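Both complexes below contain chain A, partnered by chain B and then by chain C.
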Partner chain A sequence: MIRVELRKLVSRPRTWVSIGLLCLLPVVVAVFLAVTGIAPRPGQGPTLLAAVLGNGALYPAAALGIVLPFFLPIAVAVQAGEAVAGEASAGTLRYLLVRPVGRTRLLVAKLVSVLVYTLLAVLAVAVVGYVTGISLLGNSGQLTTTTLAGTTLTPASLAWRTGVMVLYIGWSMVGVAAVALFLSTVTDSSLAAALGGLAVLVSSSVLVALDAAGAVRDYLPTRYWLAWVDLFRDPVPWHDLQAGVLVQTGYVVVLLGAAWANFTTRDITS
Partner chain B sequence: MSTVVTPAARARWAVVVLGTAALVSVLGFGPRAVAALGVTPTELEPQAVAARAAASADVPYSATGESRGALALPDLRGFGDLASLLGDTTQTRTWWGDEAHWRVDVVDVTGERDTYGLPRSVWTWDYGRRELVTVTGGATARLPRADDLLPPQATRRLLAAVGPDDAVTALPPQRVGGRTADRVRVSPGDGRSTIARADVWVDRETGLPLRLVVVGTDGSDALTTELSRVTVGRPDPAVLTPPAAPGAERELRTAPDLVGRVAQASRWLLPPSLAGLPVTPGRQAPGDVTTYGTGLVRVAVLPLPPDVARDVVGGATSAGSVVEEVPDGRLVRIGSSLLNAVLATSADGRRAYVVTGLVDPGLLDEAAADLLDAEPEGRGPR
Partner chain C sequence: MSDDVVVTRSLTKRFGHVTAVDGLDLAVHDGDRYGFLGPNGSGKTTTVRMLLGLVHATSGEVEMLGRAMPRHAHEVLPQVGALVEGPGAYGHLTGRANLRLLDAAGPAGGPPLADGAGSRRTRARRVDAVLERVGLADVGRRPVRAYSLGMRQRLGLAAALLRGPRLLVLDEPTNGLDPRGIAEVRDLLLELNAQGTTVFLSSHLLAEVQLFCTRVGVLHRGGLVAQDHLGALRGPTGRTLVRVDDVAAGARALGLPPPERRGEGELVLDGTSVAAAADTLVRAGIGVLEAAPERRTLEESVLRLTS
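So, the complex of A and B:
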């Protein structure tokens, strides 16, 4: 079942089109930076973008910083929202379940497919960011890659930090996927499931910025999304990254549990 | 979509609901329940708790911190991040060895600004500007920095100013960030102070101030600053070493900011008393800002060069402050619930002063009137 879902994932053009579009924006930004040589003013623009001129090796992090607030969650929410609701709206869900396939197994297969898509998307942005950064922005030799604290980053140090960043952002997106996947088991409309997932994220982002919501801020799904920036500090403060993983894990466990309880309970009519 | 509710379905939902409830209880209410647990009262008198906090400069620690200021000050050119520092939330990371070996990072999602305290210099690294600045010379007059708002520094400064008329009383101890903290309240004895009270949470184990809340006379929390994730112990020396920062702009200064430069250049001898307040007892070194008063009612006076004064007055009036003509010159008032300031300029424009303090604006007006009325000795600021 998992193999079937993965084959379906990689054989769908829209999988690659959506990942391609995700990668496009960082490439466009890199082209503008390379051509004009104008980086954002200090303290403005996406994180680390001000530091990438002459430091192409930092561009994977900057590229993920560009797509993280909007495009990456949208892509993941659409993919996860479509997982079950898409089959229902296409009228294929009941035929899928006519086969000797348990609902839990089907849900797990859908979940694995969404996880693979999420990891693929994050990795693709990072890899395209690296290739674009090195080829367009290069390493002019004028600037050495440094942490936010001004200490020198060796290639090995930069590599492990970027690797952990990819995993962290990937796990943050799994939280988005869990919301949309749960909604996907509630409604037959994949659009509604995806938009519902995005509505949760927008609401969370609004509350995170609100001082009056301080009592619940640390438990909101987007609270620690930008904690990956801490990987580029020296010394690395791990507490927000750990808290981010814990919070996302909480949402993933609860929402996937709810998705499982709902999907294995409901009557499939479409 | 209809759903047939079977016992198995109920069991599945029960697992999910109970699991969620357990998660919320442990993660959400667990820490609060621990914090709410009663702590044993301290055997120390409040003055002794305050004395431990005042003597905590040599307690080595590492921590994260947050300060929230509610002082609505205008953002004036030349005054750096003062308005945001006292009016917004500032997140910090601190490594403290002693007063001559420390580092405080102000962190946000776009970068960080780090300050390193060394025996004979202070270094600042600004990632956004890619700028490494070294300030030497031991200038004492300067604008407030983020490290001044950390609970230990802010509390030590507050307690150092407490006079015989001010009261230090005990409050029930509490837990702060998992540590037992004794609590004292400082209340000014002079009604002209804009501080209604200041509550200090002092770590019972080390004497390190962990939290400070300053409440203004309007009843609002004007400043709240707190340490969290406190680890007691000397930080790694490598962390306290300023970065190499390859490719960064480098600058060497002898004054940290506008206030430091102006104070160093000032040659005016200020009067021995203002508004009935004598010069604050203690050694005043060249380059210090002169202060008047004792206890928690103190007024600081900084003479300004005419061109700087014009800039400051222009910035303040652009931000909404009103110029008031007085017999010997003009006054521009800048106010918040806690910190007030008056920019006083003589009628001929040759003399200008900033008069500021955590005091009633009327007291600042009196001090400004005395300054404008008196002919100063010595030369004006260069």
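So, the complex of A and C:
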């Protein structure tokens, strides 16, 4: 069943269009930066963008910083919201279950498909970011990269930091996917599931920025989303990254459990 | 346990305060062409969904092919083909690609098929064979979203036949088909039934059921009001039809009002005193061609049961 879901994923034009669009925005940004040479002032604009003018090798990180606040979660929420509700509204869910495909099995296959999509999207942005960064912004002939703290990084050090960053952002997106996947088992409308997932994220972002909500802030799903910036400090302050992984894991476990409990017991009336 | 293919005992489903199916006792025998009739909203689709394990019963039992459902769904469903509330397919793929995905999604096992086991090796052949059977062999590379309603319905039927099922559970299978398509589907189902497939046909189209089915269950407000052979359901009305060569003269001889329409050649007699009536007619010099008890149409029977 997992193979069937992956075949569906790659055969659907939407998969590639959405990933293409995700990659397009950082390229456009890079073109503007390269042409004008005007960098956002440090502390303003998308994360890390101020640092890339001098070094294109840092651009994968900046590219992910550009798509992370909205674009990437939207793409992941749409994909995960579609998972079960999309089958329901296409009328194919009942035929899959009658084929028969066990409900748990189907849900696991959907989850794997969403994970693969998420990883593909994050990797694609990182790779396209690297290529654009090197070719448009240049490597400035240096073998080292300056961190946010002003010290220098060797290419090997930059490579593992970027790798960990891809995994960290990927895991944050799995949190988004878990919300949307759960909602996807509740409703038969994939639009409602995707929008519900985004509503959770927007609410979380608002509350994170609200000092009055300080008591719950550290448990909100988007609280540590930008903690991967710490990977480009030297030495890496791991505290926020660890907390972020822990919080996301909590959401993922609870929501996937809820999705499973709901989907395996509900009446399929679509 | 019983030899019947589908059995339900006191099957009940409540959605909140609404009781959709209420204490249903169905029995579909092996080899039946079973017509499951009922007006819209009588609980037909909910029952079909409970049979297939899509909807969970509030109480009562379902047994299919001798095994409890939905507990043994994994042994039962590979031998069952279903069409529930219209076909479902991915619009961006061709019909053939849709069937291949569906075939690959489930377990490889199942009933032995004509061309060997239901394995991956024989998938392409199996898919082509069912497309051929439902008359979709020549649709080529068109995606399903470009299909007409009738073509989609045929594709849904092909999906139901894909694994060579012992039991077909079909909900309004001729929906969207033209008269010729309806006749083709009926012939196909008759052929499969002759080869041993039991057909459970849920429909509100009485004429279709009357033409196709051998046994009929009539559902009304969630409960079964009749379950019998088609002939028994279409019981005698207590009147007799007499065909004569001269209706006007015949009516005069029996003292009946003159017939309203000419050319029908039939007299309707109250009661069954055929002998006396025939005697009178013959003595009046009128030829009696045929005399038989009048039977209800299925429509009359069902309307009487569900009103």
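As a convention for this text, the second predicted complex is superposed on the first by the 266 of 270 C-alpha atoms of A that agree within 3 Å, B and C clash if a C-alpha of one lies under 4 Å from a C-alpha of the other, contacts with A are read in each partner's own complex, and residues count from 1 in each chain.
FYI, a contact is a pair of C-beta atoms (placed from the backbone, for glycine too) under 8 Å apart; a residue touches a chain by one contact, two chains touch by 3 or more.
Computed from a predicted structure; not experimentally measured.
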item	value
When chain B and chain C are modelled together on chain A, clash or fit	fit
Contacts of A:Thr264 with chain B and chain C, given as first, second, both or neither	first
Partner chain(s) touched by A:Arg12 [first = chain B, second = chain C, both, neither]	second
Greater chain A contact set [chain C / chain B]	B
Chain B versus chain C as contact partner of A:Gln242, first or second or both or neither	neither
Which of chain B and chain C A:Val4 touches, first, second, both or neither	second
Included angle at chain A between vectors to chain C and chain B, based on C-alpha centres and rounded to the nearest 10 degrees	140
Partner chain(s) touched by A:Thr104 [first = chain B, second = chain C, both, neither]	neither
Touching partner for A:Tyr219 - first (chain B), second (chain C), both, neither	first
Touching partner for A:Val253 - first (chain B), second (chain C), both, neither	first
Gap in Å between nearest CA atoms once chain C and chain B share a frame through chain A	5
Common ground on chain A, meaning residues reached by chain C in one complex and by chain B in the other	265, 267, 269
Contacting residues of chain A [partner chain C, same complex]	1, 3-4, 7-8, 11-13, 90-102, 265, 267-269
Complex interface listing, chain B residues touching chain A	1-6, 8-9, 12-13, 15-16, 19-20, 23, 27-28, 64, 89, 93, 105, 107, 109-112, 114, 125-130, 132, 229, 239, 242-248
Residues of chain A that touch chain B when the two form their complex	42-45, 47, 50-51, 142-144, 146, 148-152, 188, 211, 219, 226, 229, 233-235, 237, 239, 246, 250, 253-254, 257-258, 260-261, 264-267, 269
Sites on chain C touched by chain A in the complex	49, 52-56, 73-74, 77-78, 80, 82, 84-93, 97, 101-102, 104-107, 159
